[in-house]
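What follows is one structure encoded as structure tokens, with my remarks underneath.
Every chain is named by a letter (A, B, C and D) in the order it is written, and numbering of its residues begins at 1.
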Amino acid sequence: MKGKRRIALLALALLLGLLVAACGPAPAAAPPAAATPKAAEPTKAPAAAAPSQKGTIKVVSVSPLSGAQSALGEQIKLGAQLAVEKFKKPIEDLGYTVVFEPQDDQASPDVGVAVAKKLVADADVVFVDGHLNSGVAIPSSEVYKDADLAMVSPANTNPKITDRNYANVSRIVGRDDVQGPAGAQFAINELKAKTVYIIHDKTAYGQGVAEFFRKEAEKLGAKVLGFEGTEEKANFDPIINPIKAANPDVVYFGGIYDQGGVLLKQMRDKQVKSIFIGPDGLDSSEIVKIAGPAVVGAYYTTVAGPPSAYPDAADFAKEFKSKYSKDVESFGMYGYDVMRIGLVAIESAIKANGGNKPTRKQVSSAVRAVKDFKGITGTINFNSKGDPTVAKYFVLKFDKAEYPGSVVKTLDVAAP
Amino acid sequence: MPLLEVRNLIKRFGGLTAVNKFNYELEKGTIASIIGPNGAGKTTLFNMLTGVYVPEEGKVEFNGNSLIGRRPDQITFLGIARTFQNIRLFNNMTVVENVLVGMHARLRVSIVHALLKTKRFQEQEQRAKIESVRLLDYVGLGGRGDELARNLPYGDQRRLEIARALAAEPRLLLLDEPTAGMNPQETADATRLIRRVRDELGITILLIEHDMRLVMEISDWVTVLDYGEKIAEGKPEEVRRNLRVIEAYLGKGVASSLTPEANSPRPEVETGFTPPDQAAAPTQNDGQER
Amino acid sequence: MVNRHSISMPFSGGKAPPWARLVGIILYIAITFGLAYSLEDILPRAAEIPLTLFESLAFLAFLGSAMILYYQPIPKVAKLILGILVLLLLMPALGLRNGYYLEVATQVGIFAALALGLNIVVGFAGLLDLGYVAFYAVGAYLWAFFGSTQAGLVLTSIKDFFPLGGEWFFLFLCLGVIVGGLAGILLGLPVLRLRGDYLAIVTLGFGEVIRVMVNNLDKPLNLTNGPQGISPIQRPPLFFMPLLQALGFDLEPRQIYPIYFYLLVILIALIVIFFTRRLDDSPIGRAWIAIREDELAAQAMGVPLVRTKLTAFAAGASFAGAMGVLFAAKQIFINPESFTLMQSIGVLAMVILGGMGSIPGVILGAILVTTLNLQILKALSDWLNAMRQAGTVLNLGFIQYAMKNLPVQLEPAKYERMVFGIVLVLMMIFRPEGVLPASRRKLEITANRETPPEAVSATPPVTGGGE
Amino acid sequence: MQTETVAPTRAVSRGIFSSQMLRTLFAPLGQLAIWTVGTAVVLSLVVLLLALIFRTSSSGVDRFTLVLSILPQVIVDSMVLGFVYAMIALGYTMVYGVLEFINFAHSEIFMIGAVVGAEVLISLSEAKALENFNPLLLILLIIAAGMAVSGLVAVVVERVAYRPLRNAPRLVPLISAIGVSFFLQDLVRMLESIWRNAFYRTYPDVPSFSQRISFGDTLDVSYKSIIVVVAAIVMLLALNYLVGATKIGKSIRAVAQNRATASLMGIDVDRAIALTFLVGGALGGAAGVLYGLRFSTINPYTGFIPGIKAFTAAVLGGIGNITGAMLGGIVLGFLETFGASYLSIFTEGAFGAEYKDILAFGILIIVLIFRPKGLLGEVVGERA
């Protein structure tokens, strides 16, 4: 009985709270930003100074900000944030407030879809910079597609992302069916590997790229001694033992650094001397922290070259560092470029729409219409599927226990 | 042919033989008691009769069916219902529902009928409910059907347990200390009820009891267990005079100092051994029943 | 008896006459709906004002109206009309305004049905099942397999049949019930003899086993496509499209589907509620509860333990199977990540929070946990984020805290587990019976004899009274 | 609870050095050795036999040489894992023995130990103090830190979340324990996030631990593995002494036998239970440190899977039985490592290490169904 009454009271309290909240200008925050040293923050100042006449435009980043992969996701978010801060001016000049909303998909498809639905429901959201994981991007983009919401991916390399031919889904990175084979070609042609052993992390991404690696390796005549998946995060003993027995020339790991680093370290601990290669999931400074000296000699392929590979990127890297006191990594650069493309597209869509707020569809087509965009990661044009017409692939090697490795090979490959 | 026939029943727990080579016959229509000090194996015996324990050896026949290897619910279906030493009601169900659960063995139910609420199902439910209310009236709980079982006073809980057991329409009713913890008035009521159940419903009754007055007053036949063995058996007055019985209860020295002619068990005998049984019951009932 | 209906209304005392209650509830619905609908326009936009948070709370209050309605002793017709109004009219209207509301409502419906299924197992029969989500996965993969090209990869000789058309969805919804139930029996048979706490761990293990299997059964035979997941999965057909067009609604499928799924979910959830109530009020339901209360006594009363537990397992699992089919169709894409232990624990938290064995309680639990997860925690995160970006400084009088210094890791949305954990512990310690505890049904036959007529009339005759 | 099989009660009165005493203390060691060797031999024979029967794989690889070449390594890895499981399993089994309750949160106690160990090592390494430390001292320091914090957390958890529920129906404390488990995961994550802005922690390299002893090509034992095994054995002996031969142990055993009676005998039941949690938690914490040391990365969710497996080990050995838990841990470590190492060799990749985790669940289910007593324990089935 008491319970029911309590519920009713709760409901009442809630309602009253809402009424109060709705009537009185709310809460215990001290709004005058000008009174604080943070007034110089670029985000705040214009919004406060010149409230827009034409409404709000929201651009978002969606990436894992929590969990194992938050180190990668955080880069995307910070890159995008920097881009918004630096390049929102033209749109604000057109009379709109630009708001940046970083979202967390927790690297989970369920959360990703829920976030996508939330974004779609917010009419102000016109551009999505995300996701990190293909397994999340694929179901989420189904939601974006129903709303024509433009999504450009800074990281998803799974072929399926663009192979569905959705007009609103694009990416500025390469594809697993190029990256995996590129790794295989490098291993077999350059490193002269005869035998390979493949491990993957049982995620859509890791297993996907591992399978492309296997196909290409078999095609090139290398012998695949093993192909195993594991969700294990710590104890790789039972996986390493058969590798040790098989003694392959190359061990390829399809997956993310949080597992890859540990695997590598334990492999070296057990005196497995095979060459270690992985995809762009290993492309993070964390792998050096995890594997320590064991990282030396390992290779990784990536679609995102290190700042040193891009001449324009040096200034950006400096700015990033000074702003967030963190070194920029490749996904930060891609997150930054994607957001810039988004802002450019929004601006042109507004102009094409006679200064009125563009529809999502208009923004989506404006994204595809972006021509010869000079990003810090290269010049970008989209093909009809949404892939960049030409994508760069890098092979890097850790010469010492320091991130990033040095570039040993660069490939320009047209999208298939 | 006796209603219940037990031959050579043995139950061991580890090294301890709880019931040893127990033989027993129970005729239809009797009220029989099993007495004995704590740990004598009475409840173990009940648990074997109702299928909770599987005996190591021996056979149990009820009404021509062997009970060995049958599950408790199957034995209930054959016509044996029981109550428990420490009341085991379904505390968070209403009084009527407790009785309805007692009818479970007799209700033919299928999920489909319940989901579709077919006419047959409704009629059956209606009949069951009417009967439950009647049973509650019978044991003197009329009008309390919608209370939660746990809210009943102690004596009424005992009665409800009997009503619940009666709902199974048993031929044999096993009562495990039906008056334990009752005051004299409640005990008298319970005694009357037990007798009525036999006389009016024709149900054979086997009870475990520590209250000697009750046992002597109500029983047609008394069996005494000690350390798992039957040490005496007979009409109440015979058992009362049996020296081994007195020894078992009071120890050798005391027994020899007592005259066998004592009219009734002394009050110390009644109360002397009931409390420990009750004291440990709430927390340690599991161990207790072994 | 009388108490049972004495839930006090937000706008009146405990003993208000029915008309006042009616007015009250209508007012309540109107206000919460209005707030959820128009807060967006009312509130000024500023980083410091948690608009989405207020919206979520308003929406939660609106969702709660269905619960409050349920407890009102107002004429049944009025309840029915208001219920239909809330669920079938106002909710879709909110959905058209803000699609996320509809998504949340749909998820609430899905989780309510799941929680009701788990409630049979945990709440009624007292069997702690920590792998409940396995049955949900079974249903989801059942439809995903046949409703996509996946089946064609395995059954190569008849691969042209796949994907099965959307109209098969409805058949599979029924198949989901059966397959889920069978899975429940298969799982239950070996483990139901175990004592309660062991059962919990073993079911947890089974849940993991199913997830790992699904994740790995892309070889040797590609049944599940492993971690890549299966997509696209067929959706049920819009067979009523012509009717809508005839009525002059010219809507695109993508506008219709959210509402369509919402209605489907509500329909199924209602069926589940209906069935659960019927089971609860049958010998089977009583046997479940008897087993929960005292296994030994139940058995001694003629309740066959294993069979009764199996029916509970199967009944719970069959609901999950059906919801799984629906989930697959709604998501279009499924992969093993959707069927983790966290999901099982989330559903368990709903059951425990609301009240084990209490049907309205469990629904309330589903509403609270789902909105908390999907809306409130996220809204809090967004709010903190906005303040952080805007450089807000909190003025607490004696201390000034610059939001910018708040660690990014401290976002409420990330601490789902913590919330579940706290809910479970606090509920167990302070209110193990839940927010809305189960109350046993009164029986009309005794009610007629024993209670004043006024109370009886408040009891709907068909079901024998409110829960 | 069968602790009396571990140690006769009268041991104390005979003085510390009596032969009875020594037998009490070291009998489990012998048992442990027998089981370890026995399991290793049996499993090795099984895989070798299988390899002989199915000698050539479809691609022409000789399975026998393949199997044989890694066998020593597999056995060593099995032992390491087995001892870690054994130490975690002790926490489950002790609490179960005393309270008949599955302490679901024990896996998080283990995790907390691992995190504390990592933080101590990281702090030392950041302070550049690692080199100056005597390696032995360092080991003792981090294990002690992990034990202290874990033991303390276990006691607090018992006080806050279990004690109020001690007389509640069985499922109530279990649900509370599940809640605690999830709460602790996120709590650790939150604290680490605030403090370190990251919650994936890596044990820094300590050069003196990273050395290895090589026996030719096939076997290579790192110091870390040796540390794990030795530390585990020392802990197990210490526990054995504590439970079997001290007053504390006696009070714990008394409470396990019969709480009501123990309390009548003047034993402080609450204190004995708290001590049980302290000891079990400390062992879990030590196991966490060793686990982290050996496998290097940990996070707030590290505990869950090893926890479940250790629980399986406890059941396998006969829950409530201390020696059983150790043996169960060993056996499970062997089964898991053998299974995962060799499955893919025999199935040619169709099934492999990805089924490693569900192997333990499979064993759990099979044990519970067919031998609920475990290897040496009490009956698990429902009491009447």
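The definition used in the following text is that a contact is a pair of C-beta atoms (placed from the backbone, for glycine too) under 8 Å apart; a residue touches a chain by one contact, two chains touch by 3 or more.
Small disclaimer: the values here were computed from a predicted structure and weren't measured.
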Smallest number of contact steps required from chain A to reach chain D
1
Counting contact pairs per chain pair, which pair wins?
A-C
With centres defined as the mean of C-alpha atoms, identify the chain lying farthest from chain C.
B
Middle chain, criterion being Cα centroid separation:
C
Rounded to the nearest Å, the gap separating the Cα centres of chain B and chain C is 45
Between chain B and chain D, tell me the centre distance in angstrom, where each centre is the average of that chain's C-alpha atoms.
47
So, in whole Å, the Cα centroid of chain A is separated from that of chain B by 72
For chain C and chain D, let me know how many angstrom lie between their CA-based centres, rounded off.
38
Find every residue in chain D that makes contact with two or more other chains and list them.
349, 354, 357, 383-384
Could you tell me which residues belong to chain C and also touch two or more other chains?
212, 215-216, 296, 408-409, 414
Please output the residue numbers of chain B that touch at least 2 other chains, ranges allowed.
52
Where on chain A is chain D touching in the complex?
68, 71, 202, 226-239, 241-242, 244-246, 258, 261-262, 265-266, 269-271, 286, 289-290, 292-293
Show which residues of chain C lie in contact with chain A when the two form their complex.
3-4, 6-11, 14, 28, 31-32, 35, 39, 42-50, 54, 57-58, 60-61, 64, 67-68, 71, 98-101, 103, 107, 212, 215-216, 226-229, 231-232, 254, 257, 331-333, 335, 337-338, 355, 364, 374, 378, 381-382, 385-387, 389-396, 400, 402, 404, 408-409, 411, 413-414, 431, 434-437
Where on chain B is chain C touching in the complex?
50, 52, 71-74, 76-77, 81-82, 84, 88-94, 96-97, 100-107, 109, 111, 114-115, 117, 121, 125-126, 128-130, 133, 143, 145-146, 148, 164-165, 167-168
Report the residues of chain D in contact with chain C in the complex, numbered from low to high.
101-102, 161, 164-165, 168, 170-176, 178-187, 189-190, 193-194, 197, 199, 308, 311, 315, 349-351, 354-355, 357-358, 360-362, 364-365, 368-369, 372, 380-384
Per the contact definition, I'd like the list of chain C residues that touch chain B in the complex.
1, 275, 278-279, 282-287, 289-290, 293-294, 296-305, 311, 315, 438, 440-443, 445-447, 449-451
